[in-house]
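Below you'll find a set of structures to go through.
Common to both upcoming complexes is chain A, partnered first by chain B, then by chain C.
== the complex of A and B ==
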């Protein structure tokens, strides 16, 4: 048990928890009537993590496997637009429409994987092109440059309904997604293969793992979760939006990196990712609660990222030096 | 005045290891001191202290009697020290000249790089070395050997008083080794102090004036090169007499029926290779670097595409489309480059060992960590992998122990390996571990596995294998049984022209 505690104290998660607690204490202390920790505000914070979470989980797995996917936000917008168009102009049941839209996400992911694995494009370029140009443009074409209202009760309920009148369905969905993927990543053969491919693609291949197959699955998965993010986004607004989840990708990746995923691949986990998401959402929310000017909010976000990375560096150096020192003194 | 470099009672501890323990010696200007010792003996740590990469816990370095304190690599450079590591520190996308003059680009006017001056300076250095490369060549497109030479030229350009080489010849061919040794001789004449880390006995005897032997972080002894021999050094390095490694190998000479047969294999770099491997046989593949041995094996293993040819495993025709396919049929490959192709350095020993058998260590949908742990524990015990636990990262182990992880991976209780292909399994590992690897190879054969043993070290390939195949330029130029094999004969085949050897074989 003490061994476990020791391990935790040295882990990346610990410094994230410290940062999270410090941040919460700060905003709690300085918010009016300590409203930062009010139930309503906590719900606001969690609500704002929903879209980021879905993108960070799908994109995060791709990052752990050593690639990057910049497209899922755009794919989400496209999927949302298709959903709005189909619900408005066809009589298809909503569930069928949702499945079709998730399939669109999968298709975009497969196209990404094809460009990367068969045409050997870099994932950064391929997914940027597919995302911002193709999927983004596709969304415009589908909704014909307009915002389409969604008149479907089931979708509206998923987007805005709350369990017991308090916990939004969207939070339940995104939390379930990150927990399920966290377990898959940590406990299954598939999850291990994600790490092994990211750690050393060629070594993985030479031991019978197929990095190519993994790449297809992970990009398809990222596309599907991107589509899910887009559907939830539009369900909340009850409208197929033109830019939808486009701009959610970079904050999601930032949160994942803050949570310990290295862009080189092979590292990180979903717990860290979740903490990173909480920190970023909690921080942005805190700035609003304190009434900080929106112009300064970007600057503050940048400073937070710097602070987090510095803290990580210091704790790593601290434990390294401390251990070596302890050893020398102890022997 | 004659230069003097002194290491004064240096100690350095890492968690769990005393990397250096009170190491002290000195080297005078105009002398080449070779540092030898098993992997993990502390040679690299010593060089890192010299270069200011890490700081010792106790003791220090002094130059010409003055104590130095290197807070950073920069300070070490200022003290006129250059350390050339095994891992090249080059900017691959830039030209040779930019890499060589990186720290001190010639500038003209308001800070523009003076390219003609840069080119001229680089050409001067290239002329000294006599290499067929141009100043404007992009480093990333050079051969590995030439890249290593650029690294050396970088140090040469600094004109440092103290130059340390960490296994510089590993990626070099004989031609560049000659150039390097002539250069070292020249530097010696000019009164420089040279430190030279190497595992290669022949080189050390050729180039050094004195040999300093480290073991487990302690200085064992220093020898005048002219007054010692290989046996004495090996004794000092491993702390005992290994005797005649090869004669003492415990072999099973129980060679069975044909297991793998390859006929007219053609692939990239392979031009019609045919051979047979029997159960329990150790089949050596000798040849010079680039003879097509690695390419042959990768094609058989399904790692690279086959153009034509026929492969038969246990009487059945096979053609593996991927390594996965090969592994499922009992063929395993330990690649030449452990770090690039063999191990996932950032993962634990356990994770590296279970890689090919993940499907067999499952409990329901989840991985069974206990089963993995017992596989890894077994490998650590069987092969005496030096580590406190199997959770240690593979990247933190020495080369010999890393090689044992890879061998353990293919011979674990969950594997059913029939053909084991070892590509340069002893590259960069120390004498003691080498002897262990030879015994492992014989043990695998004893279990009825057909072992293919690729090695560029003539002595070992001749003495460990039952039969030796010699390759050159993608073709087999000869087959020799161990009894009839001599280094001269195998070398002649390795360097012979194909035409000639065909005539001789007829």
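== the complex of A and C ==
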């Protein structure tokens, strides 16, 4: 037991938890009537992590495998636009439309993987091009530059409905996603393969893993989760939006990195990712609750990130955990 | 490590204790004794404005049938009193929320801050940085915090949802700039803005009436139009359509020289204006003279820079709807092809909006009762069409000074 506690105290998760507790205490203390920790506001914080969670999970897996995917935000916008267009102009059942839109995400992911693995483009460039130009432009074409209202009751219920009138369905969906992927990453052979590909691609190949196949799977998965994020975004707004989730991917990656994912690959897990998301969303929420000027909020978010990274560096240095940098976590 | 944790926890405790003390001392929603002493407002000086009488409490919500339109007694700048003496009630906390950073919104913030002592409210500013989902989340956050009212720019790409969320909070609100209409085109949110088609038409009319001052007696058939648009925004689209229609009305033979530039592929910024203008102006050398109409100022600003780069200053006349950017350029000595703008002082937007919000928070008005005499046929509530003027380098200072006088803030 003591050993486990010591291990936790030396882990990245501990410094994240300390940061989270500090942040919560600060905002709780300074918020009017301590409303920061009110049930409604906790729901607000979790609700604001929903889209980021989906993008961070998909993008995070790609990062752990040693690549980066900048397209899922744009893919989400495109998928949402397609959903709105199909629901408005065809009689297709909503479930069929949702599956088709998720498939669009998969297709964009496969195109990314093709460009990276077959044409040897850098993932940064390939996914940016596919996302910002192809998927982004596709969204404009689909809705003809207009906003399409979504009137489907089922989609509206998923986006805005609440269990017991309190917990939004979107929170349930995003929580389920991060738990499922967390288990897959930590407890399955597939998860270990992801770490191995990111830690040492050549070693992975020599052990019989196909990094190329893994790349296809992970990019397709990232595209699908990007599409899901876009669908939930539009379902929440009840409208197919032109810019949708375009700008969500960088904050999602930032949260994932804050949560311990190394951009070099081979490191990190979903719990850290979740803590990172919670810290960033909780922090942004706290600034709003305190009524901080919106322009100072950006600066404050940057300072939070710097603080978190510094804390992480000090923790690693203090525990000599830095030696383990690059070592496959959970393997 | 243990020492570090100990230090952190100690700091944490000190912060918490300190914060708790602060919270106890600073009671929110200041009591009358904490409220700033209001200075007389222009409307307050007008006789017989209050149907209910000053200082009356605001417990019973009014209905459209039974309550007089308190906004009917507005002054020239849109100032009116709800009849409740601001100093007699608690300080209202309002949220001024908008989608993206723009000079106009910053200026409205400044105007609100100036009006706070007079109307006894405090303003919290929120910018969603173009994230509609964040805007919706934030409305709910502020609602949970117990704010008293929202002044909000309702983004047209999700206006129905934003209205739904606002209605769900049960907190009074007033929209700024962007109208919110139902499927039949009927206005469904009280809003302060300008009627887009008329505004767009006015800008072109001014260019047509005055181009000879700049170009002399030229052949009218050589004039083309570069007409900016941002089609997802209904109001901007209206301005674009108004400009185009008036141009074709004035110069019906020049239809082939009309070029629409939709910023939808870019952003609502100067760079998009620059990119679109430079491409269109350079690609059409057969058009000798250009009118350029900006549905927003930033596009015209970009166009002005493009014209300078292309050395076309003597062949282009630029105008725009809005007056936050060009007057600042004039103040800095600008004297280029951007020659006019449709002027809307920040006070002209802000004062009707905040008065309408205060009247609702006071319980003396509802969305339905506000500005009934200004309501267009078919609208369920009123789109308050702000009056405006057309400014040039010669008259802009005079205009803004007059607005200050009218608003009682001079």
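We adopt the following convention: the second predicted complex is superposed on the first by the 320 of 331 C-alpha atoms of A that agree within 3 Å, B and C clash if a C-alpha of one lies under 4 Å from a C-alpha of the other, contacts with A are read in each partner's own complex, and residues count from 1 in each chain.
Basically, contacts are C-beta pairs under 8 Å (C-beta built on N, C-alpha and C of every residue); 3 or more make two chains touch, one makes a residue touch a chain.
Just so it is clear, the structure is predicted and the values come from calculations on it, not from any experiment.
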After aligning the two structures on chain A, examine chain B and chain C and state clash or fit. fit
In the superposed arrangement, which partner chain does A:295 touch: chain B (first), chain C (second), both, or neither? second
Does the superposition put A:29 against chain B (first), chain C (second), both, or neither? second
May I ask you to name which of chain B and chain C touches more residues of chain A? C
Which partner chains sit in contact with A:40 here, chain B, chain C, both or neither? Use first/second/both/neither. second
Considering only the touch criterion stated at the top, classify A:162 as touching first (chain B), second (chain C), both, or neither. neither
Looking at the overlay, does A:145 come into contact with chain B only (first), chain C only (second), both, or neither? second
For the combined overlay, can you note the least CA distance between chain B and chain C, rounded to whole Å? 16
Over in the complex, which chain A residues touch chain B? Could you list them? 187-189, 192-193, 195-196, 199-200, 202-210, 266-267, 323-324, 327-328, 331
If you look only at chain A, which of its residues touch chain C in the complex? 9-10, 18, 21-22, 25-26, 28-35, 38, 40-41, 44, 47-48, 51, 140, 145-147, 149, 160, 233, 236-239, 241-243, 247, 285, 288-289, 291, 293-295, 298, 314-315, 318-319
Name, in rising order, each residue of chain B that touches chain A in their complex. 13-16, 18, 57, 301, 303, 322-324, 327-328, 333, 335, 340-347, 351, 355-356, 358-359, 362, 365-367, 409
Using the touch rule from the top, collect the residues of chain C that touch chain A in their complex. 1, 4-5, 8, 12, 15-16, 18-20, 22-23, 28, 101, 124-127, 129-134, 136-138, 140-142, 144-146, 156-158, 160-161, 164, 231-232, 262, 264-265
